[in-house]
Amino acid sequence: MGHYLLRRLPSALVVLAIASFGIFALVRMVPGDPVSSLAGPDATPEARAAIRADLGLDQPLVTQYVHWLGRLAHGDFGTSYRIGGQVKDLVADGAVNTIVLTVTALLLAAIVALVASVLAVVLDNRWVNAALSFGNTLAIALPTFVTGLVLILLFAVVFPVLPAGGTPPDGFLARPDIAAQYLLLPAVCLALGAGAALTRFLTEALRTELRQPYVTTARALGIPRRRIVLTQALRNALPSAVTVLGIQFGTLLGGAVLVEAIFTWPGLGGLIEEAISGRDYPLVQVLLLLSVVVFVAIQLLTDVIHAWLDPRVRIGGAS
Amino acid sequence: MTDPEGTTVTTPLLEVTDLAISFSHPRPAVRSVSVTVDEGEVVALVGESGSGKSMTARAVIGLLPDGAKATGSVRLRGEELLGLPEPELIRYRGRRVAMVFQEPQTALNPVRTIGWQIGEALRAHGGVRGKAARARAVDLLREVEIPDPEERLGYYPHQLSGGQKQRVVLALALANEPELLLADEPTTALDVTVQAEILALLRRIRDRTGTSILIITHNMGVVAHLADRVVVLRQGEVVEEAATRDLFADPRHAYTRQLLAAVPRLPGPDERVHAVTDDDVPAVAADAVAALEYDDVRVHYGSRMRGRVLPAVDGVTLRLERGQVLGLVGESGSGKTTLGRLAAGLVPLAGGSVRVGGEDLVRARGQRRVDLRRRLAFVHQDPEASLDPRFSIAEAIREPLDVHAVGSRKDRDVRVTELLDAVRLPASFARRRPRELSGGQRQRVALARALTLDPELLIADEPTSALDVSVQAEVLELFADLQQRLGFACVFISHDLAVVNKVADQVAVLRAGRVVESGSAARVFGAPTHDYTRQLLAAVPVPDPTVRDATGPALREQHIAS
Amino acid sequence: MSESLIDVAAPEATHPDDQFDTRRRPGLWTALRRGKGLAGLILIGAVVALGLLGPLLAPHGPTEQIPGANLVGPSGAHWLGTDEVNRDILSRTLYGIRTDLLVVFLAVPIGAAIGILVGLVSSWWTFTDVLAQRLFDLVLAFPTLILAIGLTAFVGPGLRTVFFVIVAVELPVFGRLTRTSVRTVREMPYVEAAHVVGAGSLWQLRRHVLPNSLEPLLVQLAVSMSVAVFIEGAMSFLGLGVRPPQPSLGSLIRDGVRNMYDAPFFAVGPLAVVVALVLGLLLVSQALAEARRA
Amino acid sequence: MRRSTRPLHALALAVVGLLVVGVLSSCSSAVDEASGASGDSGPSDGGTLRIGSTSDIVPASIFTNSSDATNTLIGAVYDSLIDYPLDNLDPEPRLATSWQVAKDGLSITLQLRDDVKFHTGREFTSKDVEFSIKTWADPTWTVQLQRTAAAITGFDTSDPHAITLTFDHKLSNIFDLLDMVPIIDSETFDQLKTGKAYVGTGPFVFKSWTPSSKLTFTKNPDYWGDEPHLDGIEVDIVSDPQAQVSQLRSGQLDLVTGASNRDLETLGKDSKFSVTGFDGAVQQIYVGADLANPDLQDVKLRQAIAYAIDRERIVDEVFRGQGTPINLPWPDYSPAYDAEANKTYTYDPAKAKALVAQLGDSPTIPLAYPAGNANYEAVAQIVQSDLEAVGIKTQLQPAEYSQFIKQLIGGTFGGLWILQHGYAHYTPSTLAVSAYPFNADKNASHFVSKDYKEHADAAWNQDSGSSPEAVAEYKKLNKDLLDNLFLIEMALLHFQTAETKSVHGLNMSKRGELDLRSTYLSD
């Protein structure tokens, strides 16, 4: 496992390095600057100059970049121009919500996919299959922003059984039962697409596995098909499924931006939109860099898990 | 030694009568096959691809592919198996009828340990569990003669060699002491020496446990070696059935005769005697430029980054004269293929030099390199993949001409037709796509393609190993003929010593990237000087039941040796 | 006699066990002539037809404001009702389809083309390959919508931005896919064969690698197209999409959502079209994928 | 196939269970917990008012009423010296009990309450007034009336409960300043900058701020005025107006400030909700013209635009009647209000066409507006089609707010733009000297006119904002605005909130801050 990480790490770092610079540069190329969005329509020139100096934007770009990196290295993410608070705290607050949402969605998706695909394969009944494939095609075909609104309309407005949005008033841990209800709609909305895609993949993977010779061997030994699916095919399909899961997590994070907007879920999505439109350089930079880090991390993670699940990678061949 | 006549009195263990299997597409896979297997008997189902031999076996264990319709009857001790519902069949599978498959590489679950898989097999029939199961597993591994079984239980398939895998597959099959063992090409994917061991093992298992064996194979050698009785299939029908000795002694049916004729043979013991005498230095002027020269060649596999560098070819020096055929033989991993690819400039050279017609292939650059390349051609092992599925046969053959822009479009087409003719394919094939051709035909096309630019050197990597015996015979004959006519030099790579013996003038025996012995084919095969060469020769199952008992003990020694 | 032997083998594959996997594998196009594929094509065809015939079918101009008809429900005069600035939703939907068609059948192919080119060229040499892969990583590292928000900050909202985003998103996707399939095809003996007889890289790429890599790319194309519809929708939904008054399915849905309570009928039409279009593309891609696997 | 799949069914059930756990297995419903009960039974104490706000506070510009959350915060935490009633400009006491403007109009003396404490417990004195006004004068806060505050040069704080301010010239809008400046605590000023703490003397105490999520306040038990009924306030940032309404409907919010006019209309008809309008606190929506664009330089074209726009329709269809078509920014109670002049340009496409005809055809003119706001989008599209109808081609250019503001400040629109402005409901001079679009010195329209500047300053240099002299000056200003049309006013809009029926006693300050001192929740 170790050497696995080691081999991947350098390229990951390269990506991060490029990213940090690219982001820094791009953010500053964007038209419109933080000063004017801070100063507002009626600011006087001297006022804006004062603000500019206050933000250290009057220094040359290179110095700014170096300073930024330096501070990052010391775990100082800087303070947000607009919001004023520590970027660290802001991101942390948003991250908690986003992570809770996406991870829940991911779990939902994974579980649904697992059950659905195993059901489909074990009782390979054409009606069940038809129903499933129709279901998940539809799930993929419905845009998030549509499903989200339909869910709100149904469960919050027409039959007000669930909150229309927002996060649980007193955190996720204080009242799990309440939190669950706040989480349900957005998580389902987010999980739908991923779940469908995952189901599709896993079903296909299982079918492919069942065509493998070792399955024939097992069947020739009189092991029931269902048992083969559960104890062998699934185990073999898992590594590749994990990889797909990793990819899905990325897409989920992307979808979160939209879902958060629909369900007014105060996560990173809203934060980044606000940061960019406010030209809140420190915040934007950190957030963008974060998404790169997450992406790279997930790639690493999936690789490692993949390797760990597959003995052929874990234990080098003897002969 | 059970005697076929002796057992016909009791009801046969397996009785297949008028079995017919058909699919959606017109030609039925099995027309009408009847086979019986008696207690402790070894019956061979022989036939080429399309003969329906595997289907028959699968029908017996009820593992026909979806959409297959089987009629007739399959009786195990009089109990009808055909058309039983899945839950019923499960009670037979593995418990009373077990099956061993061709490809040990894929026949085992790659992510489960050997122990787990054996345990699963035992569990399937409510057999022993826990400690007892483990003990049983160890016994089984011992039975299939796998060294220190306790440790092996924790291994994953990829940690075992091909032979060991096949032994494990056998162990799985034997787990519930079946009465009948179906073996579908159990040794085809293995090296000769390993094949010999497995065959010997099968015999011993039969002798020890009295399990009846129905073996499916296309290899007459294997048949002669193992079977008490032979059933020859062709296009889904039984053409001949006889006791092994009788069949080899006097084959009744024309097809059987043809099959036997097609099998390439090594010089028998009697021939060997005078084989030794003939001189093994080919008569050539010393100053003549060799078609191909390996000079202390070295090739490494695995990248330096990963830290593991293993030599694939380790200091090989060989010389191939113009117009001669050099046969490279050896088992998998011996580096023979690498040598071939090296000559085609397909693998990076780690040390030494390769000279084609006196010019250094690797160091040649630009136009010189292109010219050099024009002078050599490569025929790949796998006819499936060696032709671009999108190209028509004509395009495929014409490509070298197109690449080097030789002659006008018209000339090229003319050339294509004459090449097709040269490899004895009708000109009408020009418009066909590879997938419309049989393996043999594809290999002919590949050959034609290789000859397009009249190369001085042809590298043929296992050109016939994927073909049926009779087709192989055809292709080899064609090859020999062309080689005579066009007089190109050739590196002929094969694991099949008999095949090499048939075509090669010179032979180099490779093992672990080194040449252990080389010389004229007659000499090397006739009077091998190196033990390994002898071992290889001894391991080849001779298509002649009379020598079976002679070779039997020899194999056992080897087995203990390894 | 000997000929007859070859004929025995002729109709069959060469592996002993090959009898039952029929070699006559249905081509990708036949996959579109039945079942899923056909259904998909019909759906797409219907939407495309609506888009192309839009100007003929639309009772009103896409931006024509009809006095007095302020957010009125479906009626004989306005089948899908009117929006908050008195425009006929049916007409806007029909014209909106045209916008999305532009995105789907222009932006995606452009992105795909560039991606394929980059993938092809870069994958041939290790250095460029590594470089390209890292860059692709970088782009893919940003969730699409974040990319969209960022790009919008640059060029401001508008169809142009949607184009940029889609190209930017699809480029690496196709780059990667091309790269992987190139890598696999390159190892094929027939490419080797061409190499041996002295065919140059370009020749190998053009004659063998590209044509044989096309199938997976084709499948991806259909998938990407459906994704493009989402991207347009999502961007318009976040107000990053086409500029008013130009209609697009996404912007229409957003407007509909704004009037969720007052005019539930509003979004129905555009929604139906979006779902139909995406569903169609998905079905096609699935059909193609299954045809490949068969 | 007839194969038992019991374990799988179990697994499936488990998952289905998991999916509905939120709804079924929970002992209590989030919705019930959230929704406050309704039905009124007289003022009652207790309860937390949950307000939905569109945009979060921005500490760096906390004193510019740039967001509804900011307004709520200022209104809840701070007191001003005086208060304007919504519907006129006669100052009423708040922290200042009485005041006296000097004869020469160059100073004012205010008597301050002596029973006021900051939330920190510190006593409120004249020093705090000085500090607050000086802060106001600091350009970095970019506040309205910064120039007015800067014009205050002398502070006599010898008496802790009285202060005398001296000006370097007459300030007709001094009371506007006194109305706007919140009295802030000097000791916690640094925390205020970073958004950590907001300490004032107001009815509610700032508790916490979770950026882009929520603000919380608790009532100030020893408030100098009547103790507030509410236990506390919670401001939830819900940027999407649609979502605000959804949450109001689903009972997660008691009051929303960002609902679209159309939703307000529907909610108004709903028996479970009520909509409150506050007439005095107004904004004006206008079309700005950048005279740097040669096509716009000819006033004829601007007049054509003024005639071409169907203000009635905009008010009716976009703002659902919650506003009035105008030509001049003033509300009817403003001393500068002139009913006649306000009707100078009425919807008259024919006249507009005629004017355009005189000019010959002009190229397409960009029409910018802040993106992502339904009202602006609708108005922009209506304006576009109105102009098109009279032969003026425009291209819509939605711009992100920050970019839009930058263009406004830099005066880089190069065409037309649509935006709202405020401050016309204060002393008229405030508008001309402070509100950016009208600023006589420099404005986004690149409109420079000696007359306009003179009139603006003259109007400012009055000792009273409502004196006949002042009114005379306003008349001139009105003429300047109408003749030059660098800003084409369209409509005057009222603030509205939507709340559940259980919310009572809502008020709003002229600054547009919710005044929750007497608000209560019925149960």
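A few remarks follow.
Labels for the chains are A, B, C and D, by order of writing; each one numbers its residues from 1.
As a working rule, contacts are C-beta pairs under 8 Å (C-beta built on N, C-alpha and C of every residue); 3 or more make two chains touch, one makes a residue touch a chain.
All of these numbers come straight from a predicted model, not from anything done at the bench.
Across all inter-chain contacts, the pair with the most C-beta pairs is A-D. Chain centres defined as mean CA positions place A nearest to the mean of all protein CA atoms. Distance between chain A and chain B, defined via averaged C-alpha coordinates, is recorded as 50 Å.
As a whole-number value, the distance joining the C-alpha centres of chain A and chain C reads 23 Å.
Per-chain Cα centroids separate chain B from chain C by 46 Å. In whole angstrom, the spacing between the mean C-alpha positions of chain A and chain D is 38. Annotation for chain C: residues touching 2 or more other chains are 153, 238, 257, 260-261. Shared interface positions of chain B, i.e. residues touching 2 or more other chains, are given as 86.
Listed for chain A are residues 31-32, 157, 224-225, 261, 277, 279, each touching two or more other chains.
Residue ranges on chain C touching chain A, taken from their complex, read 130, 134, 137-138, 140-146, 149-150, 153-154, 226, 229-230, 233-234, 237-238, 253, 257, 260-261, 271, 274-275, 278-279, 282-283, 286, 293.
Residues 241-242, 245, 260, 262-263, 266, 317-318, 371-372, 374, 377-378, 380-382, 384-385, 396-400, 403 of chain D are the ones touching chain C in the complex. Listed in rising order, the residues of chain D touching chain A in the complex are 1, 3, 5, 7-8, 11-12, 15, 18-19, 21-23, 25-31, 33-35, 56, 58-61, 64, 66, 139-142, 144, 146, 193-195, 210-213, 236-240, 243, 246-247, 249-252, 400-403, 405-406, 408-410, 434-437, 439. Partner chain B is touched in their complex by these residues of chain A: 7, 212-214, 216-225, 227, 231-232, 235-236, 309-312, 315, 317-319. Only residues 1-2, 5-6, 8-20, 22-25, 188-199, 203, 207-208, 211-212 of chain C touch chain B when the two sit together in their complex.
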